[in-house]
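Two complexes, one shared chain (chain A), two partners (chain B, chain C).
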Partner chain A sequence: MSNDARTEIRTFITTKFPDVTFSDEEDIFALGFVNSLFAMELVMFIEKAFGTRIPNEELHLGNFRSVALMADLVARQTSAAVG
Partner chain B sequence: MTNVGVVGAGVMGTGVAQDLAHHGHRVVLVDNNADALDEALAKIELDCRMSRMLGGPAIDAEAVLAQITVGTSLDLLAETEVVIENITENWDLKSALYKQMDVACKADTVFVANTSAIPITKIGALTSRPDKVMGVHFMNPVPMKTACEFIPGYHTSEQTKDTVRALLDSIGKKAIPVNDASGFVSNRVLMLTVNEAAFLVHEGVADAKTVDEVFRSCFGHPMGPLETADLIGVDTILYSVEVLYEQFNDSKYRPCPLLKKMTDAGLHGRKSGKGFYTYQSMG
Partner chain C sequence: MKAETRSGPAGLVEVRRFVDLEIAPHANAFERAERIPWEVLSRVAELGLWAPFLPSEFGGEAMDMVTLGRVHEEVGRGCSSLRSLLTVHSMVSASVHRWGDQEQQEKWLWALARGEKLGAFCLTEPDRSGSDATAEGTTAVRDQDGWVLNGRKKWITGGQVADLLMVFASTGSGMCTFLVEADRPGVRVTPLPHVSGTTASMLAEIEFTGVRLEPSALLGPQGWAAGTVMTNALGLGRYSVACGAVGIVRAAIDACAQYTSVRSAGGVPLRDLPHVRQMMSGMVTARDAGRLLCERAGALNDAGDPATIMATWVAKYHASKAAVQAAGDAVQIHGANGFSPDHPVARLYRDSKVTEVIEGSTQVQELTIAAEAYREVAQ
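Entry: the complex of A and B
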C-alpha cells in the first residue's frame, strides 16, 4: 500500500518537475521547487487519487515535506477509514 | 457587517466572496452558470482548509461558507447594500448585466465594478445611478492581496467613495486611488507585458518556461509574465488587451494570435487545468 502510494505521489511530482531528482525521504520544500500553488495541488491530488479527505489537523506542511511523509499520511487516512 | 452581492463566481468573484465572508460580511454570490457556483464553494472550502498550511491564519471553512448564499438569479440581490460585479471581461455581457442589476437592486445600492480595463464612467452610464458606481480593481488571489486600485468614475459621489473605502478597509485592503482610464495604472502596463511575452513564445524566441525564467532570475520577479497569465486566465488577458485596443485605437495593443488560439482551445490557465503550463484541476 505504502509503496504504491509512494510511487503514485512520486509520479505526480516528477510529471510536474521532470528535471528535479530527489529521494523519497528528501524535503521537497527545502529543494525550493515547491510553491504554495503546488502544495495545494498536492492536497487535491492526494484526496482525489486515494479517495480520502485529509482532516484539518493533518493539513500542515510537515505531512507533505517528502514522498515518504505523504505516503504515511495516506496510509493513516486509509487505515482510519477501514478501522 | 454589510450585505454584499457578488456577481460572477469565477476566479475573482470566488476570491472576493471568500474574503468578504471571512471578514464577517453576509455575501450573496450570483452566477448565471450553476456549475461555477459549485466550483466556487469547493474552491473556497479548499482555500480555507489550506490557509494555515500555507502560512496564513487557521480559518474555519464552515463558518466562512455559512456567510455565503449562492444562486443564479439577480433577484437575490434585492437586499444588498453593495454589489461587486466580477463577470467576464466583455462589454456586451457587462452592459446587459448592469441594466438588469439597476432594476433588481434597491435605488441606493452601490455598484462596484471589478474590471480589468473597461472605463468606470462608461459602466456608470449604463445605470440610472452613475453617482453610485465605483471601480475597484482587485488583485488576484484576492484573499492574499492587501491592496487594490480605487477608481471613481466621472460622476461617482463622495458618499459612494466613502462607502466603498470603508468596505475595503474592513477586509484589509489598501485602496490606491487612480483616475479613470482604460486599464487604469496596473493593466495599462501588465497586459502589454503579458501580450508581448506571448508574442515571444508565438515567434519561437523562447518557450514559456524560459520567458518566465528570465523575469524570475534576472529581474527577481516572484513570477514570470506567462505564469501570471495562467493565474489571471489566458482568456481574461485576451479580453483585456482587446478592451485596451478598442478604447485607445492604438495598434500597440494588438492582441497576440497565440492568446486567441489558446482562448479558443480552452487553454485558459489554472482555472481550466492548462494554459502555458499544466495544473492539477479541482474536479
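Entry: the complex of A and C
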C-alpha cells in the first residue's frame, strides 16, 4: 500500500512540476515550488485518490513535507478507516 | 433571523420564479435603500437556499455544486447584493461543515442552513492589501481561558446583519480562523454606506477590541494548514461569484433584448442595428462560455477533484470579465437611459465591477492562471 501510495503521490506532483526532481524522503516545501494553491490541491488529491477525509489533527506541515510522509499519512488514514 | 416553515430547497424553476417576481423587479430599490429587506431574507430561508449543500443531518439537502451554481446564477441575475450575501454565508457554512468539530457543527450548522443565523467572512483589513490576505492586523492571543481578539476588518459583506463572523487572525504560530458571535462584548459593527457596487449587501467595518473567546472558537487546524481553511472557503466564494457573474450577463441580455425591441433610432429599431447585434452576440457567447466553465468547476468539485481549484479560477476570471463587458455594453446600448435608475443596467455595471475585485482580483488571477500555462508548457 505504502509503495503504491508513494507512486501515486509522486506521479501527481511530477505531472504538475515535471522539472523538479526530489527523492521520496526530501522536503518538497524546501524546494520552493509548493504555493498555497498547490498545498490545497495536494490535500484534495490525497482525499480523493485514497478515499479518505484527513482529520484536522493530521493536517499539519509535518505530514506533507515529503512523499514518504504523505504515504505514511495515507496508510494511517486508510488503516483507521478499515480498523 | 427567524425562518418560517421551510419546504426547500426550491427547484430551479421555483428559484427562477422567485427571482423574476420578488427580486429582479425590486433590485434597484434595494440598491437605493442600501439593504435587502428582512422579508426577502426570510423568503430565501423559506426556499431553503441559504446552505442547501449541507447534508440533511444538518438541515441541508446535500445539493450538488453544479446545482448550487445554477441557484447562485439565478439569484445573481436578479440582484448581486443578495447573491453576495449567499456567497459569504455559503463560505461560512461550508467551512464549519468541513473544519468544525462536532460541537461547532451542532451549535451552528442547523441555524446556518435555516438562515436563522447569518454568516460573514472577515478576512480583509483596512490598512493592508486584501490580495495579500495575511490578516496580520488582527491578533488572537492565547491565555488560560481561551483567546483574546483585537483588530479591524473592512468590506465585510453582510456585516451589518451577520450573527456569526468567521474571522482570520494572526496568532504566534501563524494565521488561524475563529468563529465569533457578532454580539460578543468588544465587537463593534459600523455600516459602510454608499458603496458603489453590491450596495445592498449591507457591508460593514468590524472592530474587535479585547474580545474574549473560548478555546472552542478556534475553527480547523492551526499553523500551515490554517491556510487551507482560507483557500477552501475562498474557492467556494470564487465559484459563487463566477456563477453570479454569469447571472449578470444574463440580466444584461434580458434588459438589452427588451430595450432594443421598443426603441428606435433613425427610424430603425435598435435591435436591427449591426453593432447592437454584435454586442448581443458577444453577450450570448460569453454567457454560454461562462456557464460551461462554471459547470465544469462545479462538476470537478462534486467529484472532489483537485483540478477544481484551477477550474474555478478560470471560470471566475472569464465570468467576471464577461460581466463587466456585458454590463458596459448594456449601458452603451441604453444610451442616456443606461444611467437611469429606472433601468437595471447601471446597477449591473456597478455590481459587475465588484466581481473583478473580490475573491481574487483579475490581476491576481492572471498571475495564477498564467503560471499554470507556463507549467503546462514545461511538461
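FYI, the second predicted complex is superposed on the first by the 83 of 83 C-alpha atoms of A that agree within 3 Å, B and C clash if a C-alpha of one lies under 4 Å from a C-alpha of the other, contacts with A are read in each partner's own complex, and residues count from 1 in each chain.
Here, a residue touches a chain if its C-beta (ideal position, glycine included) is under 8 Å from a C-beta of that chain, and two chains touch if they have at least 3 such contacts.
Small disclaimer: the values here were computed from a predicted structure and weren't measured.
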Partners on chain A (chain B, chain C) - clash or fit: clash
Which superposed partner A:45 touches (first chain B, second chain C, both, neither): both
Chain B versus chain C as contact partner of A:36, first or second or both or neither: both
Chain A residues touched by each partner, larger count belonging to chain B or chain C: C
First, second, both or neither for A:56, with chain B first and chain C second: both
Chain B versus chain C as contact partner of A:75, first or second or both or neither: neither
Touching partner for A:20 - first (chain B), second (chain C), both, neither: neither
Where chain A meets both chain C and chain B, residue numbers: 12, 16, 36-37, 39-41, 43-45, 56, 59-61, 64
List of chain A residues in touch with chain C within their complex: 12, 15-19, 36-37, 39-45, 47-48, 56-57, 59-61, 64
Complex contacts: residues of chain B adjacent to chain A: 46, 49-50, 52-55, 58, 270, 278-280, 282
Contact footprint of chain A on chain C as seen in their complex: 99, 101, 220-221, 223-225, 227-228, 231-232, 235, 303-306, 308-310, 368, 375, 378-379
Chain B partner contacts - residues on chain A that touch it in the complex: 12, 16, 36-37, 39-41, 43-45, 56, 59-61, 64
